[in-house]
Amino acid sequence: MNAPEPKGSFKQVGTRPIRPDGVEKVTGKAIFGTDYKAANMLHGAIVRCPHPHARIKSIDTSKAEAVPGVKAVVTGADFPAIDDVMVRTGEVASSTLDLAINIMAKDTAYYDGHAVAAIAALTRQAAIEAARLIEVDYEVLPHVIDINDAFAADAPKIKESIETAGLAEGEEGRPNASLKFPSVKGDPDAAMAGAAHKVSGHYSLKPVHQGYIEPHAAVATWKADGKLDIWCSSQGAFDVRGLTAGVLHLDIGSIRVMPLEIGGGFGGKTTIYLEPVAALLSKKSGRPVRFVMTREEVFRATGPAAGGEIDITLGADADGNIVAADIEFQYSSGAFAGADTWAGVMHSVNHYAIENFKVVGWNVLCNMPKHAAYRAPGAPQINFAVESAVNDLADKMGMDPIDLRLKNAVKPGATGPMGNQLGEIGLVECLEAAKAHPHYSAPLGPNQARGVACGSWMNYGGPSTAAVSLADDGSVLVTEGNPDIGGSRASMALMAAETFGIPYEKVSVTIADTSSIGYSMVTGGSRTTYATGIAVIEASKGVIEILRDRAAKMWECDVSEVEWGEGEAICTGGENKGKTFPLTEIAAKAGATGGPIAFENGVNPLQHLPGYGVHICDVEVDKETGNVSIARYTAVQDVGKAIHPSYVEGQMQGGAVQGIGWALNEAYIYNKDGRLDNAGFLDYRIPVASDMPMIDTVMVEKANPGHPYGVKGVGEVPIVPPLAAVGTAVSRAVGKPMRSLPITPDKVQASLNGG
Amino acid sequence: MSRIHVTTTVNGDAREYLCSPNQTLLDALRDELGMTGSKEGCGSGDCGACTVVLDGEMVCSCLVLAGEAEGRRVDTIEGVAEGSDLHPVQQKFLENAALQCGFCTPGFIVASKALLEKNPNPTETEVRYWLAGNLCRCTGYDKIVRAVMDAAAELRQERTAA
Amino acid sequence: MANLAFHAPDTVKEATELLAANKGARPLAGGTDLIVQMQSGRMAPEAIVDIKRIASLGEIREEADHFAVGAAVACTALKDNKALVDEWPGVVEAANLIGSVQVRNRATMAGNLCNASPAADSVPALVAAGATAIVAGPSGEREVPVEQIPTGQGQTSLGDGEFVSEIRIPRQQKGGSDAYLRSIPRTEMDIAVVGAGASVTVDGSGTCTAARVAIGAAAPTVLLVEDAGKALVGSKLDDGAIAKMMEAVSAACKPIDDKRGTVAYRKTTAGVLAKRVVEIARQRAGEN
Amino acid sequence: MADLRVVVMPPFDREFFGGTDRFDLSAKTLFGVVNKLDEIGRGFADLADVRAAFAVDGAVQPDWSVPLGDAKEVIVMQKVAGGAD
């Protein structure tokens, strides 16, 4: 891959221009998933199961079909036979087996909110009315929601098909465990036995929702020629296309997905819920069909992230070197197998150089929606236990918690838990920056305490495509396939401008539909600025090669005698030596030198590096009411090179606040009947502006040699450290360990009152 | 269901629409008038993405019935900029990168403008409490609060200059 | 919902007639509860009677012996009435803890009362203040103490065709003031996990001559804890009296465990908040 | 032909190779490695491109066609799904 540019040579990268799509978004003109309307479209409504687990004995749609304005009704029976189609979604393959059932139940509903039927009608009103008239005869089955209940050896099996993968010869599985994933290094038992200091604890976390403010929405139109058009907001139109094709057994080429502006995803919009349903209703009715979820539907049927139950013991020698880690945990994944357990194991102790560890992860199914990716999926939960335990170890040894981490931090050249070598990683620099930050040594007020934690995310690269073309006036037009969730158009424009050596304003960026650009994996996995950025830079370099060739023609010299400078071709030989052609002039002459100038290419870079962050949190606790407030917060992170620093800071601040919400307030709460009890923003409490202080950020820039401008992924790392940083701060203020999230006022008060 | 004929003023323009008695002002704006700048994030007044100004007071348009707007004045995000001239709040949101996904942004801008018309010199705490009814999941609020404080400073300068 | 009708009468009489004419009719003030319940399908009224076009209900009148707050007065508008803020700062603060600014620009104290939630923020403050509600109905008006309006979660003592047209708050006595506090996990936008309101009057010597303490979200309805007031009257609001008051409050609590909090938390915190509001009210009273 | 030590990380060791996680084999490129592993653990090749990542002498190699030359070690690891912003 390309060597990094010499430091300090950047003219565009590292500046903070206004994002290209900014004006549209501050004036209300941007068209989001919930805003798109198709001519003559119908409105959809979904009938959802009110039970956590039930067999569907029969569905009577006759009354609903009789409602004036109702044009089509579908149930699970209208979907193709469920089979196991592997859909390549770039990063991993998804099986449509679970996905299809999660989108529309067939014979069994697995959670409160599981879709069992859908209606398309002339008005949303009529669709909702008709939905209430669909009669479903349920046989309610035993349910398990809490991880401990679901993991019990005698738990009711929520699906006959569940088998525990990853067991050793003759080892017993669990009724609802789909996976046991052990990762062992060295001789943990012997090392633990010999450890001078040990700390142990049990940590609990509830499932939490991604909490994007834009509900899921989609419009689909099934055309007479059998082709399907979809307009929706997602983290990846190509994967919406692939997954929809897999569920409906269609050719990928027959589907075109138009990406609309996306109102937040955080991983939760890397999958699909509505598109195949809208498509089938459109096929039946012959008209476009639109779905927009209510907030209640979003909570009951989409997301959430895994809850966890974690047992951990850490052992250190007399000098504070962590010599052994023994961790066993269970993650929930809803009623279908999930992937977070892998990531949980891989992100448990990968930021420390520990020679002996045993980490065992279990994936446990329960009667909840199919869990979805949430920002560093699987990492924050395990990190809460590991970093809290490291803080306990520091307390026990009377060591500064950052010094203890510095002693054990992974350094460049270390071997990661997956066996591959870690390159230019920046954990040590982050820890040093945190220790040097004024916050870390600032005096605390009454009833205040401080917590610190670090964390990592592996990040990703993967497939992306970009095209760059020139207009006659020299305007540079970048086309890419990654939805812009947090300012990525600005980053792409900056990288293209840097490559050409032209002003940012000369570059425009378009996010194309799935038929107008090559495959690009989701905007997620902290991959977009890295991988799609490389695609944009490579496409720009391709155009520069064409520009050199065109200039050579105009100078009647050999292309080897043409160099590319800052936005212009320079002749280095022959009679025109020293002459220059600005990009604009070459573009103007394109017709005479061989036609339009454009270059498209696809890349699949995997020279990404893990990202690391260190967070410092001060809390203040009301010792009588148990209320906790965040007094001060600082996030330090190795960001490689910040292309647009404001949006990198924004990722750090937003991730930190999501983590704070997870630590203090957010949780899925089910009642005894297995129904979700807080399916709204009133009782699913995400942080509000008055809950938060300013979030101070420190960007440590340790360039990634695997990216031309040194980019490392930044989006996911910031949600990893906050849980332990907040939890440790509250524990110290209370004087007792607070190891069960969320740390609500009643838990704090009970702990203070000796509960 | 019998439809109600409503005559109202939206961003200074006389507008008419037909609505059902149970339809919200938000739905009327988005579906009857095609003004999709105001967003629905919750439909229960908990997220503020649908914030509009009704007779001079900011409200959640999802908690107003469309029929209530008869004879009243409604100001929405579409009316914040004057032609192509952005309001200082909008400009400062851009300069401070106070939006990531941008879905909550219209509600924040309408609410922030309403604040600065009532309180030209708010403290950070006043800004945070005034905006507590507007949820943002992307930014952690830091850059939004800075943008509003910047806009307040600029508007104060404009006043003194004028 | 198919035949839902929308009315916006100009007079209280018309409003009561419309409400009396249809058992399924509901009055609409701020709508911050009603519209949410309609949208979620939890309530399907047959007719909506918007009372905000009735001029008299949009006013705050300062009478010799009471403030008359019309049923359509938004919570934020209370802050513009200086006399009310001076005499009953706790009531105004309580009403301005509901929801967000957007919500308080619509929500009314009468609506907060008639929604009959035990967690309604303005109600404990109104009860502590000794406020009454004017109930308008087909047979004219009647005046009842606010604590007698809610009879249970979501249930009121209002008869057919009746609605609360006005909240009356007595003029504050010399040396008297009030306060309201609640506990919520966040700083805004939450329903009270538990709340407490108090009004106290102290004489020149610092002796408490009158006191009313009310708690919210600690029982099926907002509770007036008479024993708590009694524990304070005649004392100098010393630690002993405060401790007795807190015991009375905790004893009166009949809370439940739910998604917002535990029984233990509500019992303990009700006492803590009662102590704090009495202290704040005493300080304010001293300034009167 | 490079003579390689191939290290198979969990879960593939148990899933395809009966718990064995070390193999010595020779191959020209990663395509060769995948094919030889598939002979030992049937079905591995079908999933390799979407579920596995390969590190050649410590560095992740996305392009299977790159000649392995005199490389010594190939590590087969599980890809990790992500989701940000």
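Lettered A, B, C and D in written order, each chain numbered from 1.
Note that in this section contacts are C-beta pairs under 8 Å (C-beta built on N, C-alpha and C of every residue); 3 or more make two chains touch, one makes a residue touch a chain.
All figures in this text were calculated on a predicted structure; none of them were measured in a lab.
Enquirer: Comparing chain centres built from Cα atoms against the global Cα centre, which chain wins on proximity?
Expert: Ranked by how close its C-alpha centre lies to the overall one, first comes A.
Enquirer: Count the touching C-beta pairs: is A-C or A-D ahead?
Expert: Greater number of contacting C-beta pairs: A-D.
Enquirer: Could you put a whole-Å number on the gap between the CA centroids of chain B and chain D?
Expert: 55
Enquirer: With centres defined as the mean C-alpha position, give me the chain A-chain C separation in Å.
Expert: Chain centroid spacing, chain A to chain C, equals 44 Å.
Enquirer: So what's the Cα centroid distance for chain B and chain C, whole Å?
Expert: 29
Enquirer: Find every residue in chain D that makes contact with two or more other chains and list them.
Expert: As it turns out, chain D has residues touching two or more other chains at 85.
Enquirer: Name the residues of chain C that each touch 2 or more other chains.
Expert: Touching at least two other chains: 1-2, 40, 187-189.
Enquirer: When you check chain A against every other chain, which residues touch at least two of them?
Expert: Expected reply: 264-266, 485-486, 651, 681-682, 687-688, 690.
Enquirer: Which chain A residues qualify as touching chain B in the complex?
Expert: 16, 18-19, 21-23, 25-32, 34-35, 125, 210-215, 261-266, 292, 294-295, 485-487, 644, 646-647, 649-651, 653-658, 680-682, 686-690, 692, 694-695
Enquirer: In the complex of these two chains, what residues of chain C are touching chain A?
Expert: Going by the criterion above, the answer is residues 1-2, 40-41, 183, 185-191, 193, 259-262, 264-265, 268-269, 272-273.
Enquirer: Spell out the part of chain B that touches chain C in their complex, as residue ranges.
Expert: Going by the criterion above, the answer is residues 1-2, 4, 20-22, 24, 43-46, 48, 51, 54, 57-60, 62-65, 67-68, 70, 111, 129-130, 132-134.
Enquirer: Would you pull the chain C residues touching chain B in the complex into a rising list?
Expert: That would be residues 1-6, 8, 28, 30-32, 35-36, 38-40, 48, 50, 52, 74, 76, 99-103, 105-106, 187-189 of chain C.
Enquirer: Would you pull the chain D residues touching chain A in the complex into a rising list?
Expert: Of all residues in chain D, those touching chain A are 7, 9-11, 14-15, 19, 46-47, 49-51, 53, 55, 58-63, 75, 77-85.
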